[in-house]
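Notes follow the structure.
Read from first to last, the chains carry the letters A, B, C, D and E; within each, the first residue is number 1.
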Amino acid sequence: MSTTNAVKTILSHYEADNPGVKANLHRILMHGRLGGTGKLLILPVDQGFEHGPARSFAPNPPAYDPHYHYHLAIDAGLSAYAAPLGMLEAGADTFAGQIPTILKLNSANSWATSANQAVTGSVSDALRLGCAGVGFTIYPGADDFFAMVEQVRELREEAASVGIATVIWSYPRGGKLPKAGELALDVGAYAAHMAALIGAHIIKVKLPTDHIAQEEAKQAYAGHDWSRQSERVKHVVQACFAGRRIVVFSGGAAKGADAVFQDARDIRDGGGNGSIIGRNTFQRPRDEALAMLERIIRIYQGGE
Amino acid sequence: MSTTNAVKTILSHYEADNPGVKANLHRILMHGRLGGTGKLLILPVDQGFEHGPARSFAPNPPAYDPHYHYHLAIDAGLSAYAAPLGMLEAGADTFAGQIPTILKLNSANSWATSANQAVTGSVSDALRLGCAGVGFTIYPGADDFFAMVEQVRELREEAASVGIATVIWSYPRGGKLPKAGELALDVGAYAAHMAALIGAHIIKVKLPTDHIAQEEAKQAYAGHDWSRQSERVKHVVQACFAGRRIVVFSGGAAKGADAVFQDARDIRDGGGNGSIIGRNTFQRPRDEALAMLERIIRIYQGGE
Amino acid sequence: MSTTNAVKTILSHYEADNPGVKANLHRILMHGRLGGTGKLLILPVDQGFEHGPARSFAPNPPAYDPHYHYHLAIDAGLSAYAAPLGMLEAGADTFAGQIPTILKLNSANSWATSANQAVTGSVSDALRLGCAGVGFTIYPGADDFFAMVEQVRELREEAASVGIATVIWSYPRGGKLPKAGELALDVGAYAAHMAALIGAHIIKVKLPTDHIAQEEAKQAYAGHDWSRQSERVKHVVQACFAGRRIVVFSGGAAKGADAVFQDARDIRDGGGNGSIIGRNTFQRPRDEALAMLERIIRIYQGGE
Amino acid sequence: MSTTNAVKTILSHYEADNPGVKANLHRILMHGRLGGTGKLLILPVDQGFEHGPARSFAPNPPAYDPHYHYHLAIDAGLSAYAAPLGMLEAGADTFAGQIPTILKLNSANSWATSANQAVTGSVSDALRLGCAGVGFTIYPGADDFFAMVEQVRELREEAASVGIATVIWSYPRGGKLPKAGELALDVGAYAAHMAALIGAHIIKVKLPTDHIAQEEAKQAYAGHDWSRQSERVKHVVQACFAGRRIVVFSGGAAKGADAVFQDARDIRDGGGNGSIIGRNTFQRPRDEALAMLERIIRIYQGGE
Amino acid sequence: MSTTNAVKTILSHYEADNPGVKANLHRILMHGRLGGTGKLLILPVDQGFEHGPARSFAPNPPAYDPHYHYHLAIDAGLSAYAAPLGMLEAGADTFAGQIPTILKLNSANSWATSANQAVTGSVSDALRLGCAGVGFTIYPGADDFFAMVEQVRELREEAASVGIATVIWSYPRGGKLPKAGELALDVGAYAAHMAALIGAHIIKVKLPTDHIAQEEAKQAYAGHDWSRQSERVKHVVQACFAGRRIVVFSGGAAKGADAVFQDARDIRDGGGNGSIIGRNTFQRPRDEALAMLERIIRIYQGGE
């Protein structure tokens, strides 16, 4: 397929990036069943790090095998597959070139005693594994936030210099931030904006609620009805340079299929670029997961 | 326009700097409607980092778009435009060469649990984006002040070695410094002096009050009437190597236009080199902002 | 002996590794009396660091001499010998080439006031001593876990780049982890999985009990009988990419020979790749140790 | 003037230093009105950093201008001028070659919340500004003393490798050291000795009192009359490798002229190499300061 | 003298070291009056750093002069002279080649507020000063022990790569270690063993008492009579790879000559390689010190 106008427009927003980074964004945007639409669907499998293998894979034991996830992402026609070093290495040769991959470069775990992550891979790893992108999580609000940002900044600069795109998972957490504020609209938009300021090419945030957590921000949100999820998505997109950056939303914990589909519709209607969806697919039996992904793809294509 | 005597005099004070740094100071001093006067007007847009996107841009929603600020600075005939990485990148190509840019290299945010900042860009970024300068905030008084200074020092040396000028935002904060002292005259002059000692080419401080915060400094300020703002500006200029360094003052939070104009008159009459003015312009409708900037420019040109 | 199918299959799982790393894994897998079987028996002698020389070697004083351990490992036909810098250096020339060696690159000690280790060797040391692998201990759960992971990651990348394999000892400890949880099944499988995600070529964990320590993990383990040790081994193997990584188990403190043999049978029956066995051999008289190792080898060969 | 025997003897003590460092010590020892006598008089202007600009320069406002200090040091015929980066840069070209300069490479300030300093310049800066030496402050006794020493050590090694001499200001402070002990004789001699051990070419300490602060040191000082200041100077000189290192003493806070002259006589009679004198000169009107410096020079030349 | 068998045997134990390191060990082992015997007598003068100049040198004032110690070590026919940077530099040229020197690369002081040391010299310093070895102190048990080990490890690797031998002073201290345990036999043997594991070429420990401090170690020491000092020395030697590493013992605080001689006999009879003896010599008048050293040499030669 030749490059679509939708993709050309998105790429035009990355005006300060070198052709290498743009080529990798192009790879992701033109790949899979949503290729050319300007929408994305990404499979992330870092839950083994975050929650342990059994909580992640026992609901669907074939998923213990790293090859399972490559197969799932390829067969479902997704845009990209994201995972930590070991998971990618275990299939990088078998599936070389079959789907764009994103090497997740930092990770936390269930026992962490601070809101932070360890760097678990390098840009060299991403190059030698043929990845289109690298990914990082930052925790706006955390005591270690400044250090996380500096770490991500250095690796992002190195990645961009060799033509690799950067995806930032921006998850407010820790420090003075109340638990209730982690999903607040103002907090989520702020988290997305900071990821954009740091230089993320693709921004990943959670779908926000209509709660406003910061006292000083209440006035800025007053006089607008935030009860519809699509409106909130629209605001997050606005916070990402008025739509000049790709923003995808996470599916969160495994939940009912209907809720998953409604999220996709709201993301689409609010102008978001797509979903990163992990547990909701790989914790279901493969056939069920493929059917769900097919339905989501159709929603992003404009269907119901 | 050929280089004016006012600019030649200013550049002569940077006697230890290489031609590259002087050329970039020259670019800023000769650009825009104040070009050649020795006065400066800079648009800074780092409030998205500091206060979040909604508090910064909701009052004037077109300002969510990074292109808006480039347009505003260019159309108003300002001397330079300063912003963090993502904001500059999103327009660096479209507006290449149309206005000198300053890459802000560190940033804080509303959730910070310590008085510090994260480095969010590099000198290489400044070079590849064609910036005339890089900018840093330091917090004199903060527990992390020594570390901030060492970070800035290293980056400033690197920047100067490739001909890029350094702007230091010197904002007293944290540690043993009482809140009331942050705007005190003695504290502000000290903060400006330290920025000069570290090697700032352009020093940015807040307009100080007539409060004297340090007990040991009271004697040095005794016997002089500090009630006029222009006298206080004059003292800050004196603290910056008796006028051998460019000093600009910040406009602070959005306020009435009259107060803004009075500040400009006082800065001018005290011998300051100009203003960095952000929220007071981009949070107003564009026409209103352009009119305000036009008036400030006329004040710096010697009008009322 | 030409490469066996068992070894070829194992090596095929390291699909993203370079020929140098594979050649060293091949050296270990094809060496000694278990060479070619896909099973391993490794002698580790780092107890002098961990517990001091007298607690380690007084039960069998000839073991104070570093040459003793080289002799023991070679004469017993083991797969590899692992030790810290000084221990390897003291025999590296005399026994050069006679057995694959693994340089343990970090170490703790009995007086440690935090759950961490010091780096005590380098990849250059491993190269100049002709080692096939390097080894690290990580403490999942420890407050310093992120820092340990980053240290290991860097050295692992450097080692792999020069063709040296990495063995990770993953021992849950410290932080929020209760003492009782250190040997729990869920915790051990999680620790093994993280070692795999970080990029370990060989994973070493302790044999887990049937305790489940994490409340959130209980559901994932419900409905299965974990009372048999071989079932638990099987789960750990599953957690290591469904068997795509070599997993060996430690013998723990010195204990009765029968318990040691039963452990070996369970490891074998659960699909584990072998044992790392230290104190249970070198703290016994040499003849007794050789007889015990011979019996373990026979168990891994399929005997009783 | 050809090199005097006094200077040749001093240089002979720096037997492990390269010709570049010796040439710079030679420059300082042969410069100004004390040139060739083996005595030194140095003007330091780092008080703007330490106490702020107004407390430093308001008593004599022309001193706000960095050129003032170059002029003062040159006109008084001093041996060298020492200041932080910004102060030197602001006159480095105008006065190039007219007086040896020492770039002060670290600095504290009045708001510091720990007994430490920030590095505020580099050896490259010293080279490009044509400095003969670099200077550092260390705080023996401070909690951060080890870190300060390591920082100074690295920069001192770098400086020496390019032929630049190192001056160490050794000021006991912080940690377990009682305020009363900061000027104690045993503490001052210890501080001077540590500077010598670290490799200082010129050691700067404060004139000590006859107090002995360390209980364990009392015996070593017993049986000697320490009431005369010249005796105490002699002991400090002894503590600096029995006179094999140049030792200069600071004038301290501004005080009466007679006290200043008596200090100079005691330093001379005790075998010290001279004074570093800042506030006592630049806070006086220029004529008064020049007269005072003239008198001190005559004292070091052997007069009264 | 041609290399003796005693020295050849010792060198053969350093089988993984390069010829450069062996040549420097050879220099030390073949130098002075004990040259060729396999025994060593080293003069260390780092007490100025550790205790201050007056406590170190006031008992014998000529010792304030760095040349004094070179003379003493050379005239007494010692094996080597060890001191920090400044002390060595002050005589390195005058005495070049006359005695092997060891540059002490880290140092503590009486005011230290943590059990740690500062690095005060570099391997480059050792090379340019013509040193045969570098020395480090580590504090097993200290909270900062891991950091100290990593620092020493890096410098040791760098030193060995350029043919310089490493001496490690292993002094248990700090953390959970009770004061009473610092000289305990189990603790001292453990400290010596860790120095060997880290890669020390020469290990320096204190003569241990017969106290056993670690509860877990008591069993390993049971059933043996540790009342004789020579038996304890023997155990420490055993803990250093069964005699494959050179072990020397410190003389400790100044004490009666008879105690010093008895220590030497016990070290010799227990198989230790000699003494490092500082305050017991340089705090005595030179003639007395020379007589004492002569007697110690005769003891190590087999006399009484």
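Convention: contacts are C-beta pairs under 8 Å (C-beta built on N, C-alpha and C of every residue); 3 or more make two chains touch, one makes a residue touch a chain.
Just so it is clear, the structure is predicted and the values come from calculations on it, not from any experiment.
Participant: Please tell me whether the contact surfaces of subunit D and subunit E are same or different in residue numbering, using the over-half criterion.
Facilitator: different
Participant: Provide the C-alpha centroid distance between subunit B and subunit D, rounded to the nearest whole angstrom.
Facilitator: Measuring from centre to centre gives 36 Å for this pair.
Participant: How many angstrom lie between the CA centroids of subunit C and subunit D, rounded to a whole number?
Facilitator: 58
Participant: When you check subunit A against every other chain, which residues touch at least two of them?
Facilitator: none
Participant: Can you tell me, using the touch rule above, whether these chains form a line, ring, star, complete graph or other shape?
Facilitator: ring
Participant: Reading around the ring from subunit B and passing subunit D first, what chain order results?
Facilitator: From subunit B, continuing first to subunit D, the chains appear as B, D, E, C, A.
Participant: Would you mind writing out the residues of subunit B in touch with subunit A in their complex?
Facilitator: The touching residues are 48-49, 51-55, 58-59, 61, 64-66, 84-94, 107, 109-114, 116-122, 124-125, 128-129.
Participant: Please give the residue numbers of subunit E that touch subunit C in the complex, ascending.
Facilitator: 13, 15-17, 140-141, 143, 145-147, 149-150, 153, 157, 172, 175-177, 186, 189-190, 193-194, 196-200, 214, 216-217, 220-221, 235, 238-239, 241-242, 244-245
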